[in-house]
Amino acid sequence: MPDMVTLSYPSPSSKPQQRQFNPYSENGGTILAISGADFSVIAGDTRQSEGYSIQTRYAPKVFRLTDNAVLAVNGFAADGNMFVKQVRQRLEWYRHAHAKDMPLRAIARLIQTMLYARRFFPYYVYNILGGIEEDGSGAVYSFDPVGSYERESCRAAGAAQSLVQPFLDNQIYFKNQVALPGHPHPQHLPLLTVIQLVIDSFTSATERHIEVGDGLEMFIVLAKGSPLYGVENIAGVQEMTVTNEGERIFVVRRNLKRD
Amino acid sequence: MTSIGTGYDLSASTYSPDGRIFQVEYANKAVENSGQDLSRSTAIGLRVKDGIILAVEKLVHSKLLIPEANRRIQTLDRHLGLATAGLLADGRQLANKARDESANFRDSFRSPAPVKYIADRLGSYIQVYTLYSSVRPFGISTIIGGVDQDGPSLFVIEPSGVFFGYHGAAVGKGRQLAKTELEKLKLSDLSMRQAVLEAARIIYLVHDDSKEKTFELEMSWVGNDTNGLHVPVPKDLLSEAEQKAKAALEDFE
Amino acid sequence: MFRNTYDSDNTVFSPQGRLHQVEYALEAVKQGSAAVGLRSKTHSILLALKRSTGELASYQQKMFRIDDHVGIAIAGLTSDARVLSNFMRQQAMSSKMAFNRPVPVNRLVSAIADKAQVNTQEYGRRPYGVGFLVIGQDQSGPHLYEFSPSGNSYEYYAMSIGARSQSAKTYLEKHYESFADCSLEDLIKHGLHALRETLQQDKDLNVNNTSIGIVGAPSVHEKTTNVSFRILEGETIQPFLDTMVPKDAPAAAPAPPASTDEDVQMAE
Amino acid sequence: MDHFPTNWGRPRNDGFDAYGTYPIAQRPYNGLGNDVFSEGVQRTQQPIVTGTSVLAIKYKDGVMMSADNLASYGSLARFKDIQRLHPVGTNTIIGAGGDMSDFQYIQALLDDLMVEEFTEGDGDGHALGPGEIHEYLSQVMYARRSKMDPLWNSLIVGGVKDGKRFLSYVDLLGTTYSASTLATGYGSYIAQPLLRKAVEGNEDNITEEEAVKILEQSMKVLFYRDARSLNKYQIAKITSDGVAISESRSVDTQWSFADGIRGYGAQTQ
């Protein structure tokens, strides 16, 4: 059937070109946290990059929230920084209302609520929260960008997650290791062992992943009344504790390769 | 005040039978002798060849006050200053409004607002508070001064909302005496520095030692000497002016 | 019913140009128990007297933390204070959000003063019935401000508000010149002495009825390294109470009777 | 505006002119996708008139920054006397790459902010320093990106406050970072490695003259390699004495080698 009318429908190519603004970026780096019986270690590298460019060699990804909670954020740096700022304001309101710091498990739930509230325009951020529970045990909570979360013993996230997590599975959870008869795997590792694992994780990730390197920042949270386990002897250790509630926070910084 | 108690003076929205709005008149009383915040003070403004000088007699109601910390002259924009006599809190509210007006002008036209424009807007704003029973009039007389494209200008806005331009202006308790003194000056011939000295002298003159507590002289200026910025008069000039004012006062007596 | 024709409404000037409702609001401040504030070169402190409605009741809250660097003591209506202090907290936080800096104390005080002024000019509101002493530390050092329901605020070396605060003021006026160089312990001692002046003859300060608020480096009596605003209550203030010179009952300066009823001349 | 109601969209895609408002020959196409609202509200933009790189380094006495005077319209060198370094207050400078109209908006925003500081602060000793201004800008940039309506710029904020040097970056995504050398745009690929080599670990020793040299050298390389750059640029320094922005200047360049390159000069197949 012949066309009855000539249609003046513009061809698709003559439409204005549309360049969609992409509100996200990905800034590399890796974070990880491991909990012990009465401590928690939360660490991240300090490189921030975009594509093949290193933006800066020092951009913190791990933040002290309270004397018993430390939050590591990884992914889109602008979202991460804003998210931490917002969490901190919520914690401040909690302090005003209750005259004490929010407990760790409450912070974990708060974070899930805040992430899920942005379900349809998510913070492109992977969070790992580490600290001490009210019962004095070390804890790690890990989150996906829209708020799904669980408590774990250890978790790695970010650019080198696929390099680090299997290593932790093997060293912390003793996956693929068969215990000697009569010598079961330990439930918890001692602090100095954990710290060494963290350092090894990051030096290895630095070797094999271009987005990881420059510096390592490692927070150590000790439970109320716990011994120092030799933390005080680590070179360059710095105490970050603010209140006298009992938990103590230390930070250790290490250089990583800059190439 | 024959109509006190007749009920015609309880609202800004009521005329008395002889056509007066008493609430506005009472607001004028607040300017002179507000009992609640001890602001029974005088403020003056001088418009000279290349600038404006504002000066207030700041009564010190307690010796626990920190000197110079509690400023009475306010800055509205880079080129605009404001001094009030009357209820201090009303003065602050008006200054905030003036800042908004000035910022809006800048946003629209990308140039600093003319002094007259701000005086006009504030006059209209104050007038609105003389129309309704749901608000009270502003209990302040306002001097607004600044330097714009046409040079220095100075305005006084009354609680009724009316405003006039002046070469020399005085509001508050001692305004009569201050006006007399201002009239003696050849304002358009004075330099800014000279005007600072005269302003200080007048404030010292109108201050009533016998009735009032101690006071602090606060002065600001805007014009050629300040790069067009409204800023406090520098400390050394201020103390020089104070010295000379005290000396002049002794001669006077 | 009313004392005069012009005092039932905050939108009405009296023929003398007075605002009676505002003046009555200032009276509400005087109904509250006293608070004292002092400032040295290194510290600002608050001291307040807490009341209790009876043996079984707890003591009232007289101090609020606003931010790490700011705290307030109140006299008057506690519920009004909660509204205003919440507003101050919001201001403090938005300063942190927008500029990543602690809000300058003077601007914080001006903000609530401007807020209070509106309640003296518009119908259907009442002026706030509470006065604040605000202490804080910022780039320009330690500060002490008084905020009052009239919408005025002033910065002082030392100040007191609330019931019988005139007696404390008299003490402060006598000693304020020495405050600048005081140690924290001496400053608190002065504060306690001033606060004691507001008590009735048979009463004394104790760990239950006294609150101390501090910004600045900790005292030797505190077990903290914290320099931000903190409120000391209960047993922790005993060491400070111990520093006080016991009052030799007859020799103490006779406090002028608390004014409850006369027309207010603020700071007279 | 399309004044034919049939083009305004309908609840259903009727295949014919149900309302009979058109002569048959002009009957519009009502097929899928021709609804005027089908493209939704268009907020997303692209930069139009743009500036290229900004470079900045820390040195002994403060911070130094440079940017050329060009604003391009695509590949057209449209405006050749544009200043891309802007002082804010007495101890801060921002340098901008990206859309120049957005940058002018930002300048207006900061000017309003400074007036607010001047009036409400009224000399209370709490002037905004580079850190505060950077934080404020970051909040603005992030808020706009979150509305999917970004300010299309890369900004460098530099300054000195209380004797401390400050140097930080923020862009249209709200991404921020600090380092002792920063570069935006093409400069982040070409100049940044040169700057790092010259400055990293050496911030406290570089004199003003050396700092100027480092920037001059980098600007020269950028002019050689960045087609959207101009050999006319300014250098700003921020020290504890305040800010100073230089007059426009240029560097000597040598293009004789270009003759031998195919694509330049006379074409010799």
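Think of it as A, B, C and D in the order they're written, each chain with its own count starting at 1.
Convention: a residue touches a chain if its C-beta (ideal position, glycine included) is under 8 Å from a C-beta of that chain, and two chains touch if they have at least 3 such contacts.
Predicted model, so just to flag it, every value in this text is computed and none were measured.
Without chain D, contacts among the remaining chains keep them together as one piece. Following the contact convention of this document, C is the list of chains adjacent to both chain B and chain D. Taking each chain's centre as the mean of its CA atoms, B is the chain most distant from chain A. Here the largest set of C-beta contact pairs joins the chains B-C. Centroid to centroid, with C-alpha atoms defining each point, chain A and chain B lie 58 Å apart. Per-chain CA centroids place chain A at a distance of 32 Å from chain D.
Rounded to whole angstrom, the centroid-to-centroid distance between chain A and chain C, based on C-alpha atoms, equals 44 Å. If you average the CA atoms of chain C and of chain D, the two centres end up 50 Å from each other. The set of chain D residues that touch two or more partner chains comprises 120. In chain C, 97, 110 are the positions where the chain touches two or more neighbouring chains simultaneously. Taken residue by residue, chain A touches two or more other chains at no position, since every residue touches fewer. Chain pairs that touch one another: A-C, A-D, B-C, B-D, C-D. Note for the complex: chain A touches chain C at residues 85, 89, 92-93, 95-96, 242-244.
On chain D, the positions that touch chain C within their shared complex are 120-121, 124-126, 128, 131-132, 135-136, 139.
In the complex of the two chains, the chain C residues touching chain B come out as 5-6, 9-19, 22-23, 26, 110, 113-114, 116-118, 120-124, 150-152, 154-159, 169, 172-173, 176, 263-267. Put simply, chain C touches chain A in their complex at residues 65, 89, 93, 96-97, 223-224, 226. By the touch criterion stated above, chain A contacts chain D in their complex at residues 4-9, 18-21, 23-25, 27, 48, 50, 53, 55-59, 76-78, 81-82, 121.
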